[in-house]
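I'd like to ask some things about the structure below.
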Amino acid sequence: MQIGDPVTPQIEARARDSFARQGLMTYLGAEIAEVRAGLVTLRLPYRAELTQQHGFFHAGGTSAIADSAGGYAGFTMFPEGSSVLTVEFKINLISPAQGEFLEATGRVIKTGRTLTICQLDVWGVTGDRRKHVAAGMQTLICLHDTPDAPPA
Amino acid sequence: MQIGDPVTPQIEARARDSFARQGLMTYLGAEIAEVRAGLVTLRLPYRAELTQQHGFFHAGGTSAIADSAGGYAGFTMFPEGSSVLTVEFKINLISPAQGEFLEATGRVIKTGRTLTICQLDVWGVTGDRRKHVAAGMQTLICLHDTPDAPPA
Amino acid sequence: MQIGDPVTPQIEARARDSFARQGLMTYLGAEIAEVRAGLVTLRLPYRAELTQQHGFFHAGGTSAIADSAGGYAGFTMFPEGSSVLTVEFKINLISPAQGEFLEATGRVIKTGRTLTICQLDVWGVTGDRRKHVAAGMQTLICLHDTPDAPPA
Amino acid sequence: MQIGDPVTPQIEARARDSFARQGLMTYLGAEIAEVRAGLVTLRLPYRAELTQQHGFFHAGGTSAIADSAGGYAGFTMFPEGSSVLTVEFKINLISPAQGEFLEATGRVIKTGRTLTICQLDVWGVTGDRRKHVAAGMQTLICLHDTPDAPPA
């Protein structure tokens, strides 16, 4: 399996179900645009509730969708019955985060039994225009035999 | 002036006014707990709208308040008429982010004419119990002669 | 000018002269393999003097050439008479750093008047085999009107 | 055991033996100044072989000793028979790295079965004067049942 390949319906459903349990993603208005092997794209439409003091998207929102995009990119490559946590991430905010929506991709650059490393990128999109607004890197940990949901 | 010293009412008002214009902070329910020279503390009460898939605070919320705490810590030391932007930050999520609320501090470790570096820490607080849940570092840029608000 | 384009002989000479003044690069045995616009490649041959405790290249050597590759990638795009300093970098050591030599590339992903952001990558190379051993990101600052050499 | 407590002679010897096998540390001229529980201090005397183009210590040397200080800080807390690898680190170079020697400390801020997080700090020291020149964070992984030496 190569990064960017299609995934099985089971893997896609597992990522979408987990994403749907992230209260913050729903509350911010983020949605999954695409799930591929080791490559997940999220979108976050602009709203005044997501801004910083100059009216751009707040770095916290930009980071939140970058982190989730990377987490689910890693998760597509994890074995059944495992769970994903972010160990750490780093993000450079390279241009003001403006646009009708932000698009964040997480792309696996190395996967291992325990740790997975992702590249994170965020674009501000308005009509046909895409501007690279953030770039980062993320370290994920795979928790084997750990359900990806809270205890019932 | 030492890090942690009291600030003038003008500096405190400038930080609080700017924070109040961050749509995301209001929407998440974050508030400023304390403004000191180069040291700002924010709080974020727990809500289901802030969670990740296991029911803990989402790293995006943890990061958002860490980033704002650092940004305003730097801003207290910036000259009148300037504005603050985050260049980049890095955060390690060292324990599951649980508690009645999160408390984030940004603490300036180096300030310069252009760049300011902050230490970021987040605790999960329940009653008397405080657990260190995240630690990070942040680089800020001071935009001189740039109003800290959107054009009217 | 696009990233990866050829540079003028003047720009190449400026980068190579500055590199030659980095005592550490000479001492480690690193050399410039290629200078392109916003894209610089360095090589570091294996020696026992560069190892960590398991006999792999030490993360310090891997980081040193990644940092210099990024710094000179940025420097190719800076105006005449300016100088480059690293503000910060982050590096993930994704595989044991082994090989006949390491090859590090710095690639500019955003350039601005003050700050420039680079992607850093390091490969371990043995014969035809290249293994990705480290990936990072770097923030550089351009010091305008500052000679890139110590005071005489 | 608290961070900064004295260590047993066995733990100190284990750290010093491993450090002595790091070819790079010897080659750069670095030495261990102190080993405490989760807190290790290294020193690196100034030499022209360690410089960048302005004559300061190169960020690669600063990073190398910060990385080793953190690695051995973590290693003091690891079980017998295990080994340490750096997963990633991030460093801000907050002032020009000048002085008779650099002093780097690694301090554990969270230790777990698999991952350990350290704070990294480097000072430039000249006589009685100490200047904070770099600050960073590091993620380490503990390889259980893995000898801390190359295969014989």
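Letters A, B, C and D mark the chains as written, and numbering starts fresh at 1 in each.
We take it that a contact is a pair of C-beta atoms (placed from the backbone, for glycine too) under 8 Å apart; a residue touches a chain by one contact, two chains touch by 3 or more.
This one's a predicted model, so the numbers in the text were calculated from it and none came from an experiment.
S.K.: Just grab the chain with the largest centre-to-centre distance to chain B, centres being mean Cα coordinates.
M.R.: Centre of mass proxy via C-alpha means gives C as farthest from chain B.
S.K.: Call it same or different for chain A and chain D: same when shared residue numbers make up over half of all numbers used at their interface.
M.R.: Same, since over half the interface numbering is common to both chains.
S.K.: In terms of C-beta pairs in contact, which of B-C and B-D ranks higher?
M.R.: B-D
S.K.: For chain B versus chain D, what separation do you get between their C-alpha means, in angstrom?
M.R.: Distance between chain centres, rounded to whole Å: 29 Å.
S.K.: Could you give the separation in Å between the centres of chain B and chain C, each centre being the mean of its C-alpha atoms?
M.R.: Going by mean C-alpha positions, chain B sits 33 Å from chain C.
S.K.: Can you list every residue of chain A that touches 2 or more other chains, as numbers and ranges?
M.R.: Residues 87-88, 90, 92, 137, 139 of chain A touch two or more partner chains.
S.K.: Which positions of chain B touch chain D when the two form their complex?
M.R.: So the residues of chain B in touch with chain D come to 90, 92, 94-95, 109-110, 117, 119, 132, 135-137, 139.
S.K.: What part of chain A is in contact with chain D in the complex they form?
M.R.: Per the touch definition, chain A meets chain D at residues 87-88, 90, 114-115, 137, 139, 141.
S.K.: Write out the stretch or stretches of chain C touching chain D in their complex.
M.R.: 18-19, 21-28, 47-55, 58-61, 63-65, 67-68, 83, 85-93, 148-150
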